[in-house]
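Chain nomenclature is as follows: A, B and C, assigned in order of appearance, with residue numbering initiated at 1 for each chain independently.
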């Protein structure tokens, strides 16, 4: 065993010494390889982080949401429904929610206006709590500058800023404006006792299905959305976008593979001669292949490390500046939040499969060709 | 110690360009002797040397080393046999450029998994003995012809093989260096090694250090001189 | 659905593996036709050199298949969040009719790959290519498995629909059901543990016979296989209960989840490795009998036996640990 280890170490040392001689060429190869990995890794890390973010947000969402449907479209729901449902066993709490969208004609952004479910969280009358991207898109000059919203030309409603939401409340809260119930109803001119939808929390997750069924019978016109459904939608959305990115990056992997195969098969005359010498002085075909695999392994590993670390920095320190808009944006506002750094073993393994396997596959046959050279050819 | 029995070697067998380089060679090579193959260019000296030293397989015939059949072995085991038994010095030295003298000398030991430090110590001792220990850290491109050959000899001996194989070792050397080479070789013989080399250089055939000259022509042996 | 990084990785690995397997099989046919060790001809020389390449490549493929089994299971577990009703990998594999066939093929491939890699290792130790013909004949058998694995995997991933309601593990592993899984679940807990203990004893005795007396290799292989099935049964019937601290949660896949500290890997990795190595001893005893392996075979067999016993021992330790640290008291 120790002899095996020593052999591997000696081969690795030789490989490093040999690589160091063609420094420029090998550094170039390493950089191109690392760049390909960087693109794939960025997409993967970013999408994984987004998925996590959505999970965190959803963890606090209600288990079931009841929406009223009119002509197949979401409509306001009367408050007396709450009393009807309250009797169902297993429902821990039931609350009417008020939220809506507001199109800002000043800059074309969409905001989400909302009344917090917990009355203690609501701002005092005439004040608002705002998401963290609002001050930026509205170019608010100072910390406590009031927010003016204009519903129709000439109309202007003023809210003082009670608080800004902190950055870690993530993706979904970034374009948020929280009001108290009276202000909200006044702003949208809503009658009393209607709600946007109704949120249920349910104690035992195994009972969700039965409860949903019961409510479905009580309110045949309502649409019932469970948290799991939303979670799945998010997951699919992000995974799908990630897949597209990876596929695009796959094209670059392919290009790189062709390049690598070309490089490996067109071993320079110098390298071919060296392999011939090694074989002549007593190296076995297997030794040469092992040495070349070390070379491929060192290059792959170096590129993988470099590419992944750069991608990590790109995603978590620089907010994925290069393609955040592809993966995130569903609104004009791009959230300006730092993703929680995290690495996922599954994604890393998959990444390794996707980038290193093709390289290995592309180089192994040319390596074998060179390694099976006749040892006596250097005598000629 | 090495026995060659009716060995034939045909290159490009079955093709129009087929060429019989060796044609029925029978030869016994004695232990601890200095044997030289002589003959005109193209007579098959290098081919015979490569078959004796397990570099190539004969098309037919047998090669035995210390009574062990080696001619039918798969390549992997042929290599094992070869690196256990032979060290090589080539006509063009065949050092690997860009590496230091010491790194070059260590190359045959690299895949063996021996103790690295002991290997290096042996290499340095050998370089010392050959008088080029001072150049151990230097890149091989910067060596003179004589130094390069001595580096190549040190490399051939790093695994302590009983047999040294040299193909046209003096072709690129002047008379003085050719004699120095013969001195080194007879020193090796004094260490108990067997030396087999090819040469078309009359200075070598005539030297007293040579035990036996085997003369070749057109792939056959001509005569043996004692 | 197919556009997910781990799925793309798995499919890529399988596609590459299939390409190599096809090529290796084609070469295997040629080798079986023309292989003639006695000849020094160029064709024989080329064949010998090519076996080196094909063996190396196929060896890689086998390693990849082994890694892919874990990736497949890990990914299935992760994807469970996407399916209605799925709580763990079982739900994902149940999403359509291809999931479990794909998994079973991968498991079969795992064992085939392990055995083939060991054959290859031993073959390289003999001076006259003692197992080369056999090795390539086996490739002819393994290649269709690789292709079938790729096909089922592809069908599995292509036919994944998130709106399908799958059944979760609690529906599959419940004693009141019909079928194999239910039968394993329903086996009395004490019986399952006794069975496992008996198989463990057989493994120990036959393993010791190899190490000390140099005999009983095939028995050891049989005992290893028996232990494998006994262990799976015991996991489903009792061990899982201890891990989950729950008297009715029998799933052998939830064990792989983070909630349970990935404990399943501590069980399955040594179990699978130990079983594969045990099978290999029987295989070597049966096929590696040529003169050139006379010095190699007994040593290799003993080495494999020791490793295999170590694997089973690790599995045993994991089982005992799970029982010792569990809050659940099933007996007593």
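The criterion applied here is as follows: a contact is a pair of C-beta atoms (placed from the backbone, for glycine too) under 8 Å apart; a residue touches a chain by one contact, two chains touch by 3 or more.
Since this is a predicted model, take the numbers as computed values, not measurements.
J.: Can you tell me, using the touch rule above, whether these chains form a line, ring, star, complete graph or other shape?
T.: Topology of the interface graph: complete, with all chain pairs in contact.
J.: Relative to subunit C, which chain has the most distant C-alpha mean position?
T.: Here the answer is chain B, farthest from subunit C.
J.: Grab the C-alpha centre of each chain and report whichever is closest to the global C-alpha centre.
T.: If we average C-alpha coordinates per chain, C lands closest to the whole-structure average.
J.: What whole-number Å value describes the gap between the mean CA coordinates of subunit B and subunit C?
T.: Computed from C-alpha means, the inter-chain centre distance equals 50 Å.
J.: Report, in whole Å, the distance between the mean C-alpha point of subunit A and the mean C-alpha point of subunit C.
T.: 33
J.: Calculate how many whole Å lie between the centre of subunit A and the centre of subunit B, each centre taken as the average of the chain's C-alpha atoms.
T.: 63
J.: Which parts of subunit A, given as residue numbers and ranges, touch two or more other chains?
T.: Where subunit A meets two or more other chains at a single residue, that happens at 285-286.
J.: Among the residues of subunit B, which ones contact at least 2 other chains?
T.: Answer for subunit B, listing residues that touch two or more other chains: 75-76.
J.: Indicate the residues of subunit C shared as contacts by at least two other chains.
T.: Answer for subunit C, listing residues that touch two or more other chains: 49, 52.
J.: Which bits of subunit A are touching subunit C when the two form their complex?
T.: Those residues of subunit A that touch subunit C are 43-44, 47, 228, 231-232, 235-236, 239-240, 242-244, 246-247, 250, 285-286, 289, 345-347, 349-351, 353-354, 357-358, 360-361, 364-365, 368, 372.
J.: Provide the residue numbers of subunit B that touch subunit A in the complex, in ascending order.
T.: 46, 49-50, 55-56, 75-76, 79-80, 82-83, 86, 88, 90-91, 94-99, 103, 107-116, 155-156, 159, 167
J.: If we count contacts the way the header does, which residues on subunit C are in touch with subunit A in the complex?
T.: That would be residues 2-10, 12-13, 16, 49, 52-53, 56-57, 60, 64, 67, 71, 74-75, 78, 81-84, 162 of subunit C.
J.: Under the stated contact criterion, what part of subunit C meets subunit B in this complex?
T.: The touching residues are 37-38, 40-42, 45, 48-49, 52, 124, 127-129.
J.: How about subunit B: which of its residues touch subunit C in the complex?
T.: Residues in contact with subunit C: 13-14, 57-60, 71-77.
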